[in-house]
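The following pair of complexes shares a single chain, subunit A, combined with subunit B in the former and subunit C in the latter.
Up next is the complex of A and B:
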């Protein structure tokens, strides 16, 4: 009743919100169009391509693209190079994700307590994150080549053949590179999360006689769990996107395909060899696998909060 | 906290800083060496082995100024799109009541976890083939045109502005565009700098998309032409490492300088809110 009276007595509050209702949509329209055109539509189109016989035709030519069911998926999954690339990205994630979570949480915790040089450390840690992969790849090639500084320091312990041309070491070296490069961003996420852990919890932990290590595991780790879930998700999705590093560090996934990633194979099959339908099928499989991993992580690390 | 723990913490932090910074130092030193010196002594600048020749050499193979300009146009286009349309969307999400607001916000969050790998084939087909935007800045910019993280940061900051501020101006008859331009935007300047920094590194460092869509070397951003140099040409140069590292310094320097100068705008709380929503 009261709402009806206010609406009828004063014209403004009734008139204004409606005008602003249209304006809100109007203001957001460019962004919505962008999201639909660049994300939603291509996402659906990608799945459509994966189920059809799709090839690059001359512009303007009308060609038939028959539905072929699972043919593209069969072609993709019976290709040993594709299977190997999924194995490679599995190795990558097994090294990269745990290392990222542990190192970024430890460094963020240390950084959170320090007062002197705090800004210096913070900047030092995120400089690799903000720099182009293409630029830092140059240094890593210099550091990790056969006679590079790393092998000079290791002396007889250096692997032969050297890191990036060694079938066993190529993927772990790439995983190490990506971990190093991305760590600064995850440290920032953990630093934000650490501000949300109540100080009283640390105080009561220390009155209960818990040392620094003990309170790290009983207060910090559970306190930043939502951030850990986010770090797991983002690093897994980023890992699934791996392309630039194997393309440049190991000359396109060498040696012998030991460091080829699924996205690299998608590029080779889809754009170099003109089979976009097979490439789209690889993409669909890859995204499903990444989603499954993310859901499992959420299940086991997410808790019930 | 014991003295031992404090020392341990300093050691961990200092070691971390060394591991993160050394490759950058080594990049600069290596880019100035006449002969690549991978020995331990080579990690220290040797006056007898210093030269600017590598910069000249890389500039002969890939036009550095052109590459920087192309990276600048690509990045500038993305920044323009993000600032104009991102601020509008962020304002609408925070200060206006309209149907579809919740869905739009959910989309902005969701977009950030959509894997780009699934999009490269359809985007390539659409943009390069159907729209004929290969070798074109528009085609390069399009998939990045509005940064969703920036939209969320804008919304977050606009939400913190008191509503009364706007109500008073509305009663005076100011239009929403005027409110946005003369009240809201000046109050969220720090958020805008944060969003610009965060948006900047996307296109400036992006390799895969411009690499797919540009075949014409005169249009390639520096990241793409340097990558092409690394994968194709480097083998034939007299000091491939020196030239590669010189190119790397040119590509990395603008971003590193930008982030050192504006470091106080790139702090955990801003970024955290942007990613978590």
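Up next is the complex of A and C:
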């Protein structure tokens, strides 16, 4: 800001920030209320629930909700189904997150260079993302069941038991499904980021003799690093919340709990079995783990940005 | 400073908003005597909506000061979750004609249900209408927090055309014993008449047990619940026999391990299905026959028990006019309204002497006669607040050992029984 030289201009800056601050608060108030009511309050309440003997009760019902310390956490973390669900979601993230980053970046780069049918391709990748999971799951069930198209193509190479009832393949199949379904969204993020990579960098690289692959690794990948961090974070958080796919695609986390996710177990314990306190404890552990992964991703993939 | 105060005010307002949104309930003592308009929910299938509408119309015509507003149960992941949320929010209606017995214990624990036994004629009305079978719907203390309403006794439907195509007798199929059932299923698959003999949902939801193990266990034991007096019963000779029977079906490829997209029986992929009387109207264009649930050595139809698949009526504490609601509940389960229920839905009112009470209906609809007779011999899920947890523990063990053949089914039942004993002992 330039230095003020007259009396009238010296008084203005004093009031502007305050007025701007009030205006800013006014504009951000609806979102602030939303965050407090829909995110902060439930999160704080669920932490409170996790440390108490809690169940949902009718208004006016006299119920005791004593503080139980870490009991709910002990119950949750000594339950083999819960432990397995965290292992399952770990497998899911190990497959889904890298696959999402690599495929969406490669496809976005390719789409960025496409001249003809550009809109068609963008829409084609985006359609699965905006289609209801219930509908898409039906298609995948037809594709991946024992006599489905995939097994028919694979012939003797098809796994037995088939994909979705095979303990080893159920979770990777879900990871593949979620990767495919979400790809359109992440491609859009990368496409936006690619518009910010200066063309001059590609020209310089080309002048220096770099081919397409070399340009991709030395210009594109570093150029979209902020988007990569975002894709990593969003896909990790989304993966941590995995529910619909094991609920529908593998019929409630089967076979034998091989595709059960922590959120599915939370749903079973909290809503079906009337143990919201144990479900809240699982949720708190899940939030902490996802935060740790996100911090690590930010630390190692975010660089100095 | 002002900004900080404004922020605090916004925060407090948001929290208060969230808390007050959960208000309601009113004074319970006043509510018990209350008379006036009430709201009821009923199931959203076409037949039950028709029944609900005519019942409301019939009541409203004679009670101008105590009008009923009837509506379909709001959509949700399941009816039980919708009802549970409504109880917590304090906005449950007075009566819900779709209360699953497996959820009643939890609703009671939540303080959401009125103890019908506390009403002067509550227990006597229920027992007079339903007879001895009503006892299964008491809570562990012997009180009724649900009105036994209707059952869908599970039997085996078979496709006569598929049986004929496999060279089996479609009019008198050999399905009385486990050996006969296995042999028939094997013939059907070997002959290519259908993909599987039977194809119940092999998924992990707790309620799927009610359509494979439970009816067969009830039949094998002559009416035993899977948990009685707080202890699991199923790790016994009959339970092992049922598990071995189903394990053979899966192992031999006579039952499907994958979930089917659609209705395997309707699509001719499975020759048999375990169903209730609702199936009569659903499978209208299939040439079907019905037999009782098989037992290890065969049992006559008149002696065979099965799972009830009942839906009951709950009177909810959020109701401000509970005296009216109780009168409506009795009106809607009267002989006349039960007859309407039978006529419009084909589901069996849980009342004694069903066939003697409605002889004209069963004469005109012989397809329902077997269900009407079977309704007198049905078993319910165990009562209490932990029913769903117990059923899920059982389902997990069943899924692993029986459906997917991972481990010995007998050991799995033993382990599940021990786990369920622990769950049953929880408050």
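Here is the rule we use: the second predicted complex is superposed on the first by the 269 of 305 C-alpha atoms of A that agree within 3 Å, B and C clash if a C-alpha of one lies under 4 Å from a C-alpha of the other, contacts with A are read in each partner's own complex, and residues count from 1 in each chain.
FYI, a residue touches a chain if its C-beta (ideal position, glycine included) is under 8 Å from a C-beta of that chain, and two chains touch if they have at least 3 such contacts.
Since this is a predicted model, take the numbers as computed values, not measurements.
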### Clash-or-fit label for the pair subunit B, subunit C on subunit A
clash
### Message
For A:274, using the defined touch cut-off, is the partner it touches subunit B, subunit C, both, or neither? Pick first, second, both or neither.
### Response
second
### Task
For A:132, decide between first (touching subunit B), second (touching subunit C), both and neither.
first
### Message
I'd like to know which partner A:39 touches here: subunit B for first, subunit C for second, both or neither.
### Response
first
#### Entry: Of subunit B and subunit C, the chain that contacts the larger number of subunit A residues
B
### Task
Name the contact category of A:251: first (subunit B only), second (subunit C only), both, or neither.
both
### Query
What is the contact status of A:56 with respect to subunit B (first) and subunit C (second): first, second, both, or neither?
both
### Message
After the superposition on A, what does A:122 contact: first (subunit B), second (subunit C), both or neither?
### Response
first
### Query
First (subunit B), second (subunit C), both or neither: which does A:142 touch?
both
### Task
Examine A:165 and indicate which partner it touches, taking first as subunit B and second as subunit C; both and neither are also allowed.
second
### Task
Kindly classify A:25 by the partners it touches after superposition: subunit B alone (first), subunit C alone (second), both, or neither?
both
### Query
Which listed stretch of subunit C (5-13, 59-67 or 77-85) steric-clashes with subunit B in the superposition?
77-85
### Query
Considering each complex separately, which residues of subunit A are in contact with subunit B in the first and with subunit C in the second?
21-22, 25, 32, 41, 56, 59, 138, 141-142, 145, 251-252, 271
### Query
What residues of subunit A sit close enough to touch subunit C in their complex?
21-22, 25, 29, 32-33, 36-37, 41, 55-63, 81, 138, 141-142, 145-146, 161-162, 164-165, 251-257, 268, 271-275
### Summary
Given the complex, residues on subunit B that touch subunit A span 1-2, 5, 9-10, 12-13, 16-17, 19-21, 23-24, 26-27, 30, 36, 38-40, 42-43, 84-86, 88-89, 91-93, 96-101, 104, 107-108, 111, 113-126, 129-130, 132, 142-143, 145-146, 148, 151, 170-171, 176, 201, 204-205, 207-208, 212, 223-224, 226-227, 230-231, 241, 244-245, 247-249, 251-252, 255-256, 259-260, 263-264, 266-269, 271-273, 275-276
## Note on the structure
The residues of subunit A that touch subunit B in their complex are 12, 16-17, 20-25, 27-28, 30-32, 34-35, 38-39, 41-43, 45-46, 49, 56, 59, 106-107, 110-111, 113-114, 117, 119-128, 130-143, 145, 147-149, 152-153, 180, 183-185, 188-189, 191-193, 195, 212, 226, 230, 233-234, 237, 240-241, 243-244, 247-248, 251-252, 262-263, 266-267, 270-271, 276, 279-280, 283-284, 286-287, 290
### Query
Where on subunit C is subunit A touching in the complex?
3, 6-7, 10-11, 13-15, 17-18, 22-26, 28, 77, 80-81, 84, 87-90, 92, 106, 109-112, 201-206, 257-259, 261, 317-318, 385-386, 388-389, 392, 396, 399-400, 403-404, 406
